[in-house]
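Alright, structures below, take your time with them.
In what follows, chain A forms one complex with chain B and a second complex with chain C.
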Partner chain A sequence: MGKINDILSPFTAWKHVVNEPLSVKEPLKREGADRYRGFHKNEIDKCIGCGTCEEICQNAAIDMVPVEGKETKDGDSGLRPKIDYGRCCWCALCVDICTTGSLSMSNEFKWIDENPDNFRFVPGAENKPWDDKEKGWKKPDYHLYNPERVEMHELKPEERDKSFIEIIHGYSKEQALLEADRCVACGICTATCPAHMGIPEYIKAIRNDDLEEGLRILYDTNPLPEICGRICTHKCETVCSVGHLGDPISIRWLKRYIADQNPSDKYKEILGTENIEKNGKKVAIIGSGPAGLSAAHYLSLMGYSCTIFEKLPQAGGMMRYGIPEYRLPYESLDKDINYIQSLGTEFRYNTTVGKDITIEQLHEKFDAVFAGTGLHLGRSTRIPGTDHADVYQAVDLLRDIVLGNEVPVKEKIVVIGGGNVAMDITRSLARLQNQKYGKVQIITTSLESEDIMPADREEIVEGREEMAQIIPGWGPVSIKIEDGKIKGLNVVKCLSVFDEERRFNPKFDDNQTNFFEADMIVESIGQGMDLSYISDKTKENLKLDPRGRIIVDEYFRSSIDWLFVGGDIIQGPDVIHGIANGHKAAIGIDNFINNQNK
Partner chain B sequence: MSKLFSIKEDRSLYPEKNVEGKIDVDLSSHKYLKMWHGPQHPGITGNMSLEITLLGDEVMDCETHVGYLHRGFEKLMERRKYIQCFPLVCRVAVPEPDFNEYCFAAAMEELAGIEVPETAQWLRTLVLEMGRLSSYLMWIGGQSGAFGQGIVGQWSNYMRDSILDRFEELTGGRIYHMYIIPGGVRGLLPDGFKDRMEENLKFIESMMKDIDRVMFNNAVFKKRSVGMGIIEKEWVTKFGITGPNARSTGIPMDVRKDYPYLMYPKLDFEPVTAQYSDIYNRADVRRRDLLMSVDLIRQIMAKMPEKGEIRAETPNVLHWKVPAGQTYKRAECTRGEYGYFMVSDGSEYPRRINVRGPSYTHAVALLEKMIINCNLSDIAGLMVSLHTYPPEIER
Partner chain C sequence: MKELIDRLKTSYTVEDYIQQRSDLAHITVSKETAVDFISHLQRVEGYKHLVILTAVDWIEDGKFQLTYLLNNPEMKNDINVKVFIERENATMESIHHLWEQARTYQRELKEMFGIDFPGSPGVDKPFILEGWHDLPPYRRDFDTKKYSEETYFPRPGREKNDPATYMKQKLYPNE
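Coming up: the complex of A and B.
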C-alpha cells in the first residue's frame, strides 16, 4: 500500500495548478521595508563634515570631499561624505555613528544608470529621487559612543562660598579613561583651537595611558597646559562634534589631567629639554601673560635668551591678577611658569617698561622685542554717578585681591557686566561678603539676556549656587546717590544688544525700569589697553588701525621691524589666543633675527 | 517485476583497493575517465569542485577542490577594528549569516565582559531561528532538485522569500542582516511583525505538507535516497561530524542543548534524531528540524518581551580595545556546530579570529570518503544531503 501511495501522492502537486502564482509580479515597483538600508541621504546643512562616517567605514567607501557652497569654518570642515556604491556594503554603521544625525539611508534600493561613475556621489549635495523619502534606516537610539560626559567632582556651594579653594577636583584615572574613550577623533577641535592643539592625539595618549606622550603633544603647541586645562575658553568644546547630540568631550579637563599627572621635576626629561644649546641671541619680552610666556617658551627652545619685564611682583599677568584663585590656583600657575623659567628665561619683576627702562633701551640691548601687555584698564559705563568713590573697576579689585591690598567690601554690591570677568568679581566679592557679613547680597546685571551672556554657562550656574543674584537683560541708566552715599543702580530693560549687522547697538524699553539697591558698584564691561610704555618717538613709526589697535602681520610683527606684539591687545581677552600668538611670534622673531644676520 | 529490470553486477572487473583504501589509477589504460564536477555545476553546492575518477558511471576516486570563494576574511579582520569586522563576518556564510554575527558578537562580549540585555537576547534567538528556517528552506529545494524535482525548489524559494521579507523589516537587509551588533541588536520588532510572521509560518506549515507528499512520499525520491550515502555512527567523532548529519545517526548532538546559549534554555524542544543516516533520513531530520524551528519561532514570539533595552553600553566602538584573552563561542546552525575562536591581544584589532564552519569537515574529508562507488548521477544528491556551504570552508 505504501508503495502505491508513494507513486500517487506526488500527483497532489497538481492541485496548485488552479492557484494564483505567488511571485512578485512587478519587482521594480516593490517598496523596501520601513527600516531598509538603501541609498544614503544627508542633511547637508546639519552635517559638519567631521568624517566619523569615513572613519568607521570598513570598505573605505566614503571619502570626505569639498562641496560647493560649504566653506571651512569653526565647527565645520566644509567637507561632505561622498559614497562609492561600488564599495558600500550597506551596513549603515556610518548612519549609526553620525555625530550630528544628518546621515541616514532611504529605503530605495533600485537605481539603474548606464554610467558607473554616477554611482559615486555626495548625498545631499547632488539631488536624488530618494532625497524626500521618509522611510529607511535612521540613526538608532543606542549609541556607538557614550554621548554623556563623565561627571566632574567639584566642591559643593556650601563648601566653597567662603574660601578661594579650587572648586574643580580634576579627573581620576578611571574618569579620564572613560571621558577620553568618548572622543571620535574627528579633529574639528584642532581646526578650531587658536593654537591648533593636537587634541585627538593627546586624548589618544590618555586612552593609551601614556601621559608622558600626552605632555609632549601638549607642549608642541601650548606651554601652559596646567593653566589652559583649568581656565581655557575651550572653543574646542563648543565645536566638538560629539556635542551635537550629547555633551562635548571635556577636552579642557583631559588636558588638565595630563598636566596634573606629570610631576614638574620630570618635565625636562619627558620633554627632552635638559640641554638646550644657546644661540647667543637675546629677546626682550614685555609682560608675563600667556602671550609673553608662550613666546619665551618657544624662543628658549630655539636657543634664545629671553628676559621678561613684568610690572607686577609676580608672573602670569591677567592669569594671576585677573582670574580668581578658586578657578586657577597659584601652584598650577607656578608649575607652568617655573618650567618656562627653568628653560633659562629671566624674569624682571616690578619693572615697568616706559618708566624703569624705555623701549628704545630694550631695542638697543636685545635683538628683538615682543610685547604682550594685555588689557588691564577697566572700561567705564560713564553713566551719571560713576565718578563716585564707591564705584570700582573689576580688574582693579581682582588685582588688589591677589596683591593682598585691602579690598572694599560693602554689604550690598551691584556688578555691571555679563562676561567672565564680571562673574569672577561677583563670585570673589560674594566670598568676601560671606567672610565679612556671613551673607551674600550681590546683584550682577548685564545688557545681554541670559542666552547670549558671554560668560561661561557654568560660571553663571556656580555664581547663583554661591547665592549671587544674576539678573541679565538690564541696561544701567544712572547711579542713585543720596547724601554722598550710593543707594543703588537705576536700570531699564534691554531689548537687544546687537543690530542686524551684528554691531553693538543696544535697544532699550524705557517703560520697563528697575532699581537694584547697592552701596557699592563694580563695573566690568570690558577692558582697554595701555600703550603708554611705547614712547612717542617709537609710536610715530607704529601703524595703528582706526580703532587704535596695533597693525601686525601674520607673525605678529608690527610696522617696526624689531617689535612684535601679541596677546589680548591684538586679539582680545583670551588665554589660548595669547598662547597661539606667542608661539607664532616666536617663529616670526626667529625668522627676523636669522634674516638680519645674513 | 523487479527481477526483470535488475542487472546482475559483475564486479570482478573492478580494480582492487590498495592499503589506503584507494585504487591505483592508470589513465593510459583508457579504463578510467577523469572529470571535473563543478565549480560551475548546478548540482554542486556553491563554488567548489570535485575532481573525480570514473569507471563507467561509478566514482572510483575523488579529490575535493576548494578556494574558488576564498576572500581571506580571517586575515582581513586582523587589519580591521572590531566594529569594522561586524559588517564583514556575515559574509562568511552567505545563506545563513546570522550565526557569524552571533558568534562574533558573543566572543567579543565574553572577552570584554559585556552583559547583553534580555530583550536583545530574545531577538538574537529569534533571528537565529529565522536564519535556520530560511537556510533549511534553501536546502530543501536543492535536495529535491538534485533528484530531479524542480517544483519543491520553486515552492521553498517562495517560502524563504517570505522569511527574508521578515528579515528585511526587522533588520533592514534581506540577505546580509548585520543585525546582531556587538553589545546587542540593532532594532526592536516592528509593529505587526508577529502577525505577519505567524501568517508566514502557517503558509510554510501548509506547504510543508505538500512537500511531504511530493518529496518524502515519493517513490522516485525514496528509490534514490533510501540506503544511499550512509554515515556510520562511529564516523561522527572520527570526522568531527555535527548537526543533522550527526543527529541522523541517532546521536542527539545539538549545541542548543549541549552548550545552551541565548534564550534556548527557556524554550521547549528536543533534538531531532533518526535511526541511521542515509540521504532520506538526513533529509527527514532536516525537515523535522525545520518544523521545530517554526515551533521555536512561535515560542520565542510568545515569550519575548515587547520592549526593552536592545544594546548594552559598550566602549566607543571607534577605539574599542577588547581585553587580552581568547575564547571560543559556538552556536547550532543548520549544518552543525558553528564557532568563532577569537584571540585578543588587548589592542583595537583582533589578533586572530578563526571560524569553524561545519562544512569544512562535511564537504572535504567526509565527502571524499562517502563518494567512492557512488553513481555519477547521485553525486549532487549526496553533496546536498551533507548540506555544505563552501563560503564557510574558505572564510
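Coming up: the complex of A and C.
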C-alpha cells in the first residue's frame, strides 16, 4: 500500500490547481509599511554636510563626499553623505540625529541591479525612483540631543537698570556640562570663526571636565578668552548645525566658562609659558586693543620683546573705553590683559604716537611696528543742527564714562544708530538717566528696519527691557532747534537701506514723517579711523585703496615693509577679527624679521 | 481593555500601565510575578499567542527590559508585558512550558544579550552567531563600529572627509 501511495501522492497535488494561491502575488510590487526604513532620501539643499550621520553610523556605512554644485561656504561644508548599502543595517540612527532634518528614509526596500558598486550612492544627488515617495521613516519628535539651550541666569531688568554691574551670571559646572553635551562636534563653526578657534575641541574638554586642556585650546587661537567669552559677536553660533532645528550651542558662554574656571595665577603653568627664551628682537605696537594685544601675545611666545604705545591711561582700547562695564567687567578685561603683560609685554600709557614719539623713531628703535589703532572717530549724519553743542558722538561719551569724566545726561535723549555701539550708548545713558531722574526717556532710531538692524538681537531685547524705546526704520532729516535749545529730531520713513547690488543707498518715503522729542542727541552711525600718528613723510609710501583704506597683504603687512596694520581699521569692526589679524600679523612679523637677518 | 486591566489589578501588582492604542496595552510587572501573570493571561484571559519575546538594554539604569508581546485572537488585541531585570548576571524564569517556541526566543536572548533562562532547552547552544567570543552584540556596551572596522575590510574606492578639515582646505588653507 505504502508504495502505491508514494507513487500517487505527487498527483494528488493537482487537485489544488484551481485554488487561489496562498502566497503573496508579485512580491516585488508589495509596498513597505508606512514607516518602513528603506533607501535613504536627502534634501540636498537643506543638508549642510555636518557629517553627524557619518559620525553616528555604527557600521561605518556613510562617507562625506564632495558633490557637484555644492559649494563649501559659511555654514555648509559642501560635502554630502554617500551611503554604502553593503554595510547599512537600516537602523535609521542617521535620520534620527540629522541636525537639519534633511535626511529621511523612503519605504522602498527593493532595488535590483547587477553591479554591486551601484549600491553606493549619494541620496538626493543621484535621481532614484523613491526620491518622491512620501512614505517612510522621518526624523522622529524625540531627540538624540537636547534642541534647547541651557538657560543662562541673568539679572532682571529692575536689578540692573540703575547700575553697571555685569548682567550675565555665567554657567555653573552642571549647566556647562549639559550645554556641552548638546554639541554634535561637527566643526562647521570653526571656518566661520574669524580666528578659526577649535570650538568642538574645547567643548569636548568641558565634557571631559578637563578645563586646563580647554584653556590651552583657547589660547592656541585666542589670547582674550575672558573678553570673547562675554562680548564676542559669536558668528560661530549663527552657523551652528544644532541651530537648524533648535537653539545653537552657547559657544560664547562655554568659552567664558573655561576662562572663568581657571585661576589667573595658574595660567603660566597650564599654558607652559613660565620660561620663554627671548630672541633679543623688539616689536613696537601702537594701540592696546584686541589686535595689538593679540599680536603682543603671539610675538611674546616667539621670544620677541613687545612694547605697546597707548594714548589712553589704561589698556584695552574699545574693549575698555567703548564696551560698557555691564557687558564686560574690568576685572575680566584685566585678567586677559595682565596675563599678556606677564609674558613680558611693556605698556607705555598716555603716550600718543605722532606727538610723544614719532613713527620714524619707532622704526629706528624696533625691528618692526604693528599698528592696531582702531576706529575711534565718530561719524556725523551731517544733517542740519548737528553742530549744536548738545549733539554728541557715542564713542566720545562711552569713553568719558570710563574715564570718569562728567557726562551730560539730559531728560530726553535721542540716539541715532542701529549697531552695537548705539545699543551700548543707549543702555549706558538709560542707566545714567535712571540714576539722575529716576526714569528713562530715550529713543534710539535706525535707518535699518528691525530685521536687518546690525546690533546683536539680545542687545535690542535687553535695551527695551531697560525701558529704552528702540524704533527702527526712520531716517534723520534735521534737528529742530528753538531759542538755541534742541527740541527733537525730524525723521522720515526709510523704505530700504541697500540697493540691489547690496550697496548703501537708502530709499525714503517723504510722505511719512515723524518727530522724536529730545533735548540731547547722540550720533552713533559708525566710526572712522584716525591716521594722524603716521607722519606725512611715511604716509607717502603707504598705499591706500580708492576708499582710503590701507592695503595689506595676507599677513597684514602694509606697503611699508616694517609696518604691519590690523584690527578694526582693516577688518571688522569686532574683537574677534582683531584677534585673528593680530595673530596672523605676529606670524608675518616673525617671517619679516627672520628674512632680514639672513 | 480597560475592564480587563481593572480585573488584573485586583490579583496582581501592576507597576505601570499604558494604553497605547485601543487594541494595545503595556503592562509592567515585577520579575517575581511575571511568569505567573503571563500564564494567567494565557490560560484564563485568552492571550493564547506569543507574538514575540525580546529585550531592551537600559544600560544607564543597569536594567534589561524583557518584552513579552501576547495576542488574544478572539478579542483581537495585544498586551505587552514588560519586566525589568538586573543587567548584571541577568537571569529570568523560562516560559517554554507555556509556549514551546519560547525556547528559541530565549536562546536568542542568551546569545544576543547574555540573559540566561535556566532550564530552557538548548539555551546555551549557539543560535545564529558561530564561534562568537565577544560581548553579546545587542548589549549597548558592545562597540558595533569598532567591531565592524576590525572585522570587515572597507570596500575599495571609499574616501572619507572630515567636514571641519575639508572646510579649512577649501576656505583658509594657509591659516
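In the analysis below, the second predicted complex is superposed on the first by the 579 of 598 C-alpha atoms of A that agree within 3 Å, B and C clash if a C-alpha of one lies under 4 Å from a C-alpha of the other, contacts with A are read in each partner's own complex, and residues count from 1 in each chain.
By our rule, contacts are C-beta pairs under 8 Å (C-beta built on N, C-alpha and C of every residue); 3 or more make two chains touch, one makes a residue touch a chain.
Owing to the predicted nature of the structure, the values given are computational and were not obtained by experimental measurement.
Taken together through their common chain A, the two structures put chain B and chain C in a clash. Look at A:G49: by the touch rule set out above, it reaches chain C but stays clear of chain B. Chain A is touched at more residues by one of its partners, and among chain B and chain C that partner is B. Once the two complexes are laid over each other on the shared chain, residue contacts for A:F508 go to neither chain B nor chain C. When the two complexes are overlaid on their common chain A, residue A:Y85 makes contact with neither chain B nor chain C. Once chain A of one complex is fitted onto chain A of the other, the partner contacts of A:H196 are limited to chain C, with no touch recorded for chain B.
Contacts of A:Q58 after superposition on the shared chain: both chain B and chain C are touched. Of the two partner chains placed around the shared chain by superposition, chain B is the only one that A:S9 touches, whereas chain C remains out of contact.
Judged by the touch definition given at the top, the superposed model places A:S23 against chain B, while chain C stays out of reach.
Within the superposed three-chain model, A:T72 lies in touch with chain C and out of touch with chain B [touch as defined at top].
Comparing the listed stretches 96-104, 150-158, 222-230 or 312-320 of chain B against chain C after superposition, the clashing one is 96-104. On chain A, the surface touched by chain B in one complex and the surface touched by chain C in the other have residues 57-59 in common.
Residues 3, 5-7, 9-10, 12-13, 16, 22-23, 32-37, 52, 55-59, 89-93, 96-97, 137, 140-146, 181-185, 204, 207 of chain A are the ones touching chain B in the complex.
By the touch rule above, chain B contacts chain A in their complex via residues 80, 83-88, 151, 158, 165, 168-173, 176, 178, 183-184, 186-187, 190, 210, 213-215, 217-220, 222, 310-311, 313-319, 321.
Touching chain C in their complex are the following residues of chain A: 49-51, 57-60, 63-66, 72-73, 77-79, 84, 86-87, 117, 120, 186-188, 190-191, 196, 200, 554, 584.
Of all residues in chain C, only 144-145, 148-149, 152, 154-155, 157-164, 166-168, 170-172, 174-175 touch chain A in the complex they form.
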